[in-house]
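Same chain, two partners: chain A is paired with chain B first, then with chain C.
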Partner chain A sequence: MAKSLLAPLAAATVVLFAIALVLIAQAPPESTMGLVQKIFYFHLPSWLGMYSAIFTCGVASILVLAKGSAVADRFAVAGAELAVLFGANGLVTGPLWARKAWGVWWTWEVRLVSALLLWLVFVAYLIVRRYAGPGSDKLAAAVALFGTAVSPFVYISVNFWRTMHPKTTVLPTLPTSMGVPMLFSCLAFMALFGTLLAIRVRLAERETALDALYLAYED
Partner chain B sequence: MAIRRPLRGVPTAVLTAWLIAVPALAQQPPGTASEYVPVPEGSIQTEQLPAAPLLIAAYAFFIAVVVLYVWTLGRRLTKVETEMRALEQKAQTGRR
Partner chain C sequence: MFLRAALLVLRKDFAIERKSLEILVTTLFFAVSCVLVFSFGLVKEGKAPTDAAAAILWIAVAFAGTLALGRTFERERYGDTIRALLMAPVPRPALYVGKLLGVVLLLFATEAILVPLIAILFAAPLLARPLLFLAVLVSGSVGFAAVGTLFAAMLMRTRSRDVLLPILLYPITIPVIICGVRGTAALMASPADEAMAAVWLSILIALDVVFVTIALWTFETLMVD
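Moving on, here comes the complex of A and B:
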């Protein structure tokens, strides 16, 4: 399934990124932040990618814990890896924007710290998968469930605490000149997420097949 | 008299709470932007800290990370496939 989806997803990703970049270049700069606000067109979709990956990992982890599904386990590990990838992008692009907008690279405020901790939860997932030995899939699934349960609180934290970070209300109030580039950027990131997920799941399938082959050879 | 004595502490407690709350609330960060407004057409923007290097760094980082990840996926996939082929060949040789 993952293999058949790969080519159309990859093509859609390339086309959507090309459209998004043209639209971002044409979008007006923001009145107070200027040109640096254009980081927002890659920063927010990075978090969207991370949340999609967390959701994938969370749902798959429930199936791993409830049914011991091997297919779900492949999606869980792929989701965790992509959560770390997209999260790293969000955590790096954010400070690049903050340096200009706030005058500092980093500040220990609730949104930034909670986002960093959420990212670290999925780094922990990957460490558990790699080093915890037999049964690490179940142990890691529990870590993933914790991360998934925490993630909505990270998203809404800006609405409950008075932070420097822009609120979630920014997105619906975007004018068309900024909203359309953002829409295409989000679509491009979603297509990229789908493509990378398909490749990573395929890799996990082949790794399982190799393990089975080793077992058969030893027998 | 017995009722009044515990009540004596109430103004002290209120005053203490007020004295703690005022500086705590005053030290809260200022409110944030709740919307983004595009710059009015024709107006000139002056920038103190150049934004272009930061913008380029952000986009370049994203591209570099994705390219690196795809490359590692490709490498891992190739390694697994090579190992599978070698194992299959070994198994076939063993059968003969």
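Moving on, here comes the complex of A and C:
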């Protein structure tokens, strides 16, 4: 399945990114922030990618725990890796923009904190998969399950914590004239997410097939 | 049957611990050291910043709790008794509940020393609203221990369990720490903000329910060899 989807997804990614880049270049510069604001066209889609990847990993992990499905496990590990990748992109582009717009690299605002914590959960997921040894797929699935289950609570608790604080940073709202480039950026990132997911799942399938061949050869 | 098995596990752990007091003493000493380390870092001109007492209390509980969790299962692994436990003809989740009760009681024992110590060292009115404070403390400890017991149990068979436990535990239990610290701080404010503390307490209880439910559901799957 992953193989047949790969080519059209990759083509869509290339085309959408080409369109998105032209549109971003032509979009009007924001009145107060100027050119810096354009990083937003990569920042927001990155988070969209991370949350899609987390959703993929969370659903797949439930299937791993409930049914012990090997197919779901491939999707889970692919989802976790992509969550860390897209999250890292968001975590790098965010402070670059914030330094210019807010004057600080980081602020303890609810979206920032909850995104950082979720990202950490999936870094932990990958660490478990890499270092926990045999049976790590189930352990990692439990981590992903807890991580996804806890995310609304992270949001609620950080939100309450911050609203108790007198200073609140107002996030600028996106002007509608920049909506079209943003839409194409999001579509391009979603296509990229799909492509990478297909590649990673395919890689996992190949690994399983190779292991099976080795076992057959040794017998 | 379920409860009896859980209580038996608890009784077994309690009997071992009463002979050696190993985990209790080491955990307590570690918790007290934590409090001191944080005091030296935070106290300026003889005074700690507002809310520091609440933060230090919960950090000490989280750190000492991690240590205790690791030790509780290390003992089972070292004596190779976990196999016997898992072979017992009782529902697997009962083993989890028994272990969880043991960890929670250990945390309570640690807190019984930590709370007066912090109250004295920082002149903090921790016991201004004793009932609400106790409720925050209990629900916070249960939430932390619920995740910790499951993770410590499932990491028992892995190689780098000592490092992996805190790595997994902290990102997931951060909401418990936030609710605990903020709830405690709200109760310490003058006048005490009981309404806000009640909000934090309700989030904590919801977290406890979610954590214990998921843990009971996954324990069976995770402990199969």
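Methods note: the second predicted complex is superposed on the first by the 189 of 219 C-alpha atoms of A that agree within 3 Å, B and C clash if a C-alpha of one lies under 4 Å from a C-alpha of the other, contacts with A are read in each partner's own complex, and residues count from 1 in each chain.
Throughout what follows, contacts are C-beta pairs under 8 Å (C-beta built on N, C-alpha and C of every residue); 3 or more make two chains touch, one makes a residue touch a chain.
Source: prediction; values computed, not measured.
Engineer: If we overlay the two complexes on their shared chain A, which of chain B and chain C does A:G133 touch? Say first, second, both or neither.
Structural biologist: Only chain C; A:G133 stays clear of chain B.
Engineer: If you stack the two complexes on chain A, which partner ends up touching A:V121: first (chain B), second (chain C), both, or neither?
Structural biologist: Touch partner of A:V121: chain C, not chain B.
Engineer: In the overlaid three-chain picture, which partner chain does A:P8 touch, first (chain B) or second (chain C), both, or neither?
Structural biologist: Touch status of A:P8: no partner.
Engineer: Compare chain B and chain C by how many residues of chain A each one touches, and report the one with more.
Structural biologist: Partner touching more chain A residues in the overlay: B.
Engineer: Using the superposition on chain A described above, determine whether A:A142 touches chain B (first), chain C (second), both, or neither.
Structural biologist: In the superposed model, A:A142 contacts chain C only, not chain B.
Engineer: Classify the contacts of A:V158 with the two partner chains as first (chain B alone), second (chain C alone), both, or neither.
Structural biologist: both
Engineer: Can you list the residues of chain A that meet both chain B and chain C?
Structural biologist: 158, 164
Engineer: Please name which positions on chain A make contact with chain B in the complex.
Structural biologist: Those in contact with chain B are residues 28-32, 34-40, 42-43, 46, 85, 88-89, 92-93, 96-97, 99-100, 109, 158, 162-167, 169-170, 173-175, 177-178, 192, 196, 199-200, 202-203, 206-207, 209-210, 213-214, 216-217.
Engineer: Which positions of chain C touch chain A when the two form their complex?
Structural biologist: Interface residues on chain C, with respect to chain A: 147, 150-151, 154-155, 157-160, 163-164, 167-168, 171-172, 174-175, 178-179, 182, 196, 199-200, 203, 206-207, 210-211, 214, 218, 221-222.
Engineer: With touch defined as at the start, can you tell me which chain B residues reach chain A in the complex?
Structural biologist: Residues of chain B touching chain A: 28-41, 45, 47, 49, 51-52, 54-55, 57-59, 61-62, 65-66, 69-70, 73, 76-77, 80-81, 83-84, 87-88, 90-91.
Engineer: Using the touch definition up top, name the residues of chain A that touch chain C in the complex.
Structural biologist: Those in contact with chain C are residues 65-66, 117, 120-121, 124, 127-128, 131-136, 138-139, 142-143, 145-147, 149-150, 153-154, 156-158, 160-161, 164.
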